[in-house]
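Scroll down for the structure; my scribbles are underneath it.
Labels for the chains are A, B, C, D, E and F, by order of writing; each one numbers its residues from 1.
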Amino acid sequence: MQPVPLTLVTIIAEHVLKEKLLFELRQIGVSGYTTSEVEGRGSRGVRASEWQGSNVKIETLVSVEKSERILEMVSREYFAHYAVIVYRVPVEALRAEKFA
Amino acid sequence: MQPVPLTLVTIIAEHVLKEKLLFELRQIGVSGYTTSEVEGRGSRGVRASEWQGSNVKIETLVSVEKSERILEMVSREYFAHYAVIVYRVPVEALRAEKFA
Amino acid sequence: MQPVPLTLVTIIAEHVLKEKLLFELRQIGVSGYTTSEVEGRGSRGVRASEWQGSNVKIETLVSVEKSERILEMVSREYFAHYAVIVYRVPVEALRAEKFA
Amino acid sequence: METLEIIRVNLLSPLVLAFVLGIIATLVKSDVEIPEPIYKFLSLYLLFSIGIRGGVELATVSFAEFWLPAVVTMFMAVAIPTWSYLIVRSVGRMDVANAAAIAAHYGSVSSVTFVAAISLMESLNQPFEAYIPTLAALAEWGIIVGLFIARWRMGTAGSIGDVVRDTLAGRSVILLMGGLVLGLIIGEDGYAPIAPVFTDLFRGFLTIFLLEMGMVAARQLREFAKVGPFMVGFGTVMPVINGIVGITLGTFAGMSLGGAFILGCIAASASYIDAPAAVRATIPQANPSIYLTASLGITLPFNLIVGFPIYFAYTSWLHGLVNGGM
Amino acid sequence: METLEIIRVNLLSPLVLAFVLGIIATLVKSDVEIPEPIYKFLSLYLLFSIGIRGGVELATVSFAEFWLPAVVTMFMAVAIPTWSYLIVRSVGRMDVANAAAIAAHYGSVSSVTFVAAISLMESLNQPFEAYIPTLAALAEWGIIVGLFIARWRMGTAGSIGDVVRDTLAGRSVILLMGGLVLGLIIGEDGYAPIAPVFTDLFRGFLTIFLLEMGMVAARQLREFAKVGPFMVGFGTVMPVINGIVGITLGTFAGMSLGGAFILGCIAASASYIDAPAAVRATIPQANPSIYLTASLGITLPFNLIVGFPIYFAYTSWLHGLVNGGM
Amino acid sequence: METLEIIRVNLLSPLVLAFVLGIIATLVKSDVEIPEPIYKFLSLYLLFSIGIRGGVELATVSFAEFWLPAVVTMFMAVAIPTWSYLIVRSVGRMDVANAAAIAAHYGSVSSVTFVAAISLMESLNQPFEAYIPTLAALAEWGIIVGLFIARWRMGTAGSIGDVVRDTLAGRSVILLMGGLVLGLIIGEDGYAPIAPVFTDLFRGFLTIFLLEMGMVAARQLREFAKVGPFMVGFGTVMPVINGIVGITLGTFAGMSLGGAFILGCIAASASYIDAPAAVRATIPQANPSIYLTASLGITLPFNLIVGFPIYFAYTSWLHGLVNGGM
């Protein structure tokens, strides 16, 4: 099985955005995602969820095109008011067909 | 200390595979690994562990050759019946001798 | 919004180093970081925190220059006596101004 | 009971002392820690327990005695956010988003204040109405009113529909009302075998919970400087006003001394879980430093330590006046 | 006790009501949540408590009364998976992997059903045999039988050796049998100081646990559509058949009314933790949607709500017949 | 009580049996697991409970009876790490870093040993001094002495200032001393309503905690081979010496039988949480396999299973001698 190039997009956001972001990812048509609980510190001060202690990290393997749309969505919808960062890195994955 | 190129292989799998995968990684001779609890959604439906809520993410820093063998192992043993994805990305790490 | 190149530095260390490492990162002037609880196995044997079960993973998005300083700091201060690994990977992120 | 005596009883109760110990532990940077799952469990347990115990007694309540307190509570769920909003806007000169956010917090209920108020009445052997959990659930609606104000004044404020649904099906409402129905159905006999958990452990678990809340409040208090003098004043004066209104209305609605006191505490308290989450999702422009620090860092300790004796003294005095003696 | 009365007692018990509340909370998408560590702890506590309490009474048990029920349970651990397999193959027309997977589930024990059955007998003041935890541990072997069927019919099914070891050293077995031995050694006197935790809190903690199990079952129930009508029928009829067999064999093996009822519930229940994990690891071809939804989404609620009264009515009737009156 | 009898009582107590069950569960590779948040909560609960209960009784304590035991404890906090260091250096021939690390461990307190010692006295109805939690808090200073030795002999050993602060504001100290003050303030009356949690549940929760500690100790025991024969000897002989010293000093300082026994256990025990964390941060050259395996894998089980009867027999004998009969 030959590895194929894909893009891994990582979003780190305050917890209150979790369901919204996953909903938007499904709208964009990602084939799957993986979430985990993280903590963090960035440019924003206290957040509503901070005393409850956590951010969410969302990782999704997608095509380059979809990664563009995700970056665009996050910056358009959430950058203004929320604590959120997003980055992407090219990776090689097996089973390309899954991530179409 | 000069950073050296290595490959970071990430496996995300349903929890029931954790011990098996780590065993296989040790067989392949990885120098170490890091695991964490994640949740996820992919192409498979409900899984045995799903109502208990979690996948495992296994990350291991290895040489390119070993990364080939890991990808091959995962695809051979687990792709058919299990919820598992695997990808790799080139990184730079310190202490190359550790990851021989 | 145009993605800009940055470096993602990942440190995995025994838990007892968490506060010290974050302190050093702030000294170096990182704009933020994200931490999570992981478990792991490497070349070192039992560690003080091991029976309590966890390592810490620290991820920080920085410029290449700062990534150099972080690698240098970790190798200088912690490689001799502690269980710690560090690696970096180039990524593309939005909002470059944040990570100056 | 005299005012001094009630101050003493409150200040020297295990609950308040544990809260203060939590504050101290944080100030001296201790690593004392109640793990989050335990915190969440205790919070669920306390609400569920209050619901069930209310339910067990509920059989004796008639609609006649219930409807007026319910109307009064609904009135406050509208009125308190409204005047909170107006005060923050006019006196505090804050923008619409922050004012509406604060209104949503002070308009709804802090479950720990509510639970501690019940516990105080129990420890003073002051009976209170079995339907009290229902009033707490109704008071949760204050959040929605706060968010409606935001939408109305700002044109947009996320989807209010979701918030209404989330509030109605929210943790606190389900646990209080679900517990109430469960208690009503099982009655005294069904309750007996679970009483060791839901009655006997209540005060001790609440003590541990307050240890944690003290730590949480103290961490939030560090943001003190950021909120400015207006919010410090607001965070201490507003609860007293709301508390007095709640007690007065409760008393005239025919509630017992204990019941009117608890309703006053519901009114005086500011939400620190449900409101922050709802506000963050719908009014992201508002600054969490302000509303969280006010409700969690200022009003919560104020109510527990200073407010309770004031409210109880006022309730006693008013009941003496209205009913001609306690 | 009359059948109607037992239906009432069961339906209106805090346990079943908490379970139903959990189902409702999930259906209305509430954010009520029992954190996973609490869930795991309660599950450990309940099994350990049953083990210890059985052990404390065990001194009075003679081998003579124990051996027949033990043999009967071992027989069922072989027979139930076998006929479950045959029924799923012939009537359900499923493939070998899925049939064997289902056999492993219905052949073993749901610990929550087992614990709830014990609690029901306690609340009805029906005594039962002290060695009951041993029977539950023996019944766990049904998993292994299910996996043997898979290996035998499919040529390969992972390493059965591991599964045997995992079952013998599994959580449930260690807690039940370890608790039993511990209880036997400490006796009444040693038990007294720990009784507040292991006896007094039992019913209340079980109530909270069932609140969570209701949420879990309801989430699984959403997969309902995927399993098809056969599995819905199987998930409700199979437990009744197995339950009746268990009760009948238990009764003829000389067990008390309470004991035979509990053995029936062991037989009727389908594992939702140990079996899924073992099956996933050894028969990955089988579809978890099917076996998990059947055992967790259908059979668990069925047993708790509908099954218990049926099994108890049958047990009473049979005991009346055999022993000439209750 | 005779020595054989105390061996029996200790070995067959639920606490030790649960500990042994934990060891067995780990040896047979069972998946029994106490989730970490539960473990942390129980550990907090046990210390807090001991603090509060001590505080409730503290009103009766005069400074006259307290000061000598306090001085004795402070003496031991200096002496025990010192002679531990010297023995490890001279007999064990280890390097400075490892010797100082071991000194810090054996110089301070294992909270589970301390709590279990208190529980043993309670179950034997042996009264002990209310100020005992203070002694445990003082004994924590042994860690600092160990680290001072490291700094003194090695030139550098991280920042001792931080360690002093961390020890003074550490979890154990805050919970024990905070609980003590809380208990002192609330008194008997204030304690009554929280007694169901802090008194009644104590022994049962400790049993569950020891189940987990057995698993932890057994996992650590696997490192046995790595530590070598000297550490095995040290880990069993050193506690006996320290225990006897503690008991003797306590007795001559006028403590009761129960109190002297507990002080002996404080002396005999080796820290397994606070010391490892402090040592790892300040003496990273020291090998955790050695100090953790010794304190957690060897000394902890030794004290709980073998040490307690020895210490109690010695305490009884000494008290008989000094006070002319028990």
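Here are some notes:
To be clear about the criterion, a contact is a pair of C-beta atoms (placed from the backbone, for glycine too) under 8 Å apart; a residue touches a chain by one contact, two chains touch by 3 or more.
All values derive from a computational prediction rather than experimental measurement.
Using the contact threshold fixed earlier, the set of chains in contact with both subunit C and subunit E is B, F.
The chains in contact with subunit A and with subunit B alike are C. Farthest from subunit F, judged by the mean position of CA atoms in each chain, is A.
A centroid comparison over C-alpha atoms places E as the chain most distant from subunit C.
In this assembly, the C-alpha centroid of subunit A lies 36 Å from the C-alpha centroid of subunit D. Centre-to-centre separation between subunit E and subunit F, using Cα means, comes to 41 Å.
Under the contact definition stated at the top, the residues of subunit C that touch 2 or more other chains are 36, 89.
Among all residues of subunit D, those that touch two or more other chains are 35-38, 196, 200-201. Contacting chain pairs in the structure are A-B, A-C, A-D, B-C, B-E, C-F, D-E, D-F, E-F. Within the complex formed with subunit D, the subunit F residues making contact are 35-38, 40-41, 44-45, 48, 52, 165-166, 168-171, 174-175, 178, 181-182, 185-186, 190-191, 193-198, 200-201.
Contact residues on subunit C toward subunit F in their complex (touch as defined above): 14, 16, 20, 45-53, 80-82. For subunit A in complex with subunit B, the residues that touch the partner chain are 1, 3, 6, 8, 31-36, 61, 89-95, 98. Note for the complex: subunit E touches subunit B at residues 36, 216, 219-220, 223, 226, 273, 276-277, 279-281, 284-285, 288-289, 292-293, 296.
Partner subunit C is touched in their complex by these residues of subunit A: 12, 36-43, 55, 57, 71-72, 74-75, 79, 85-89.
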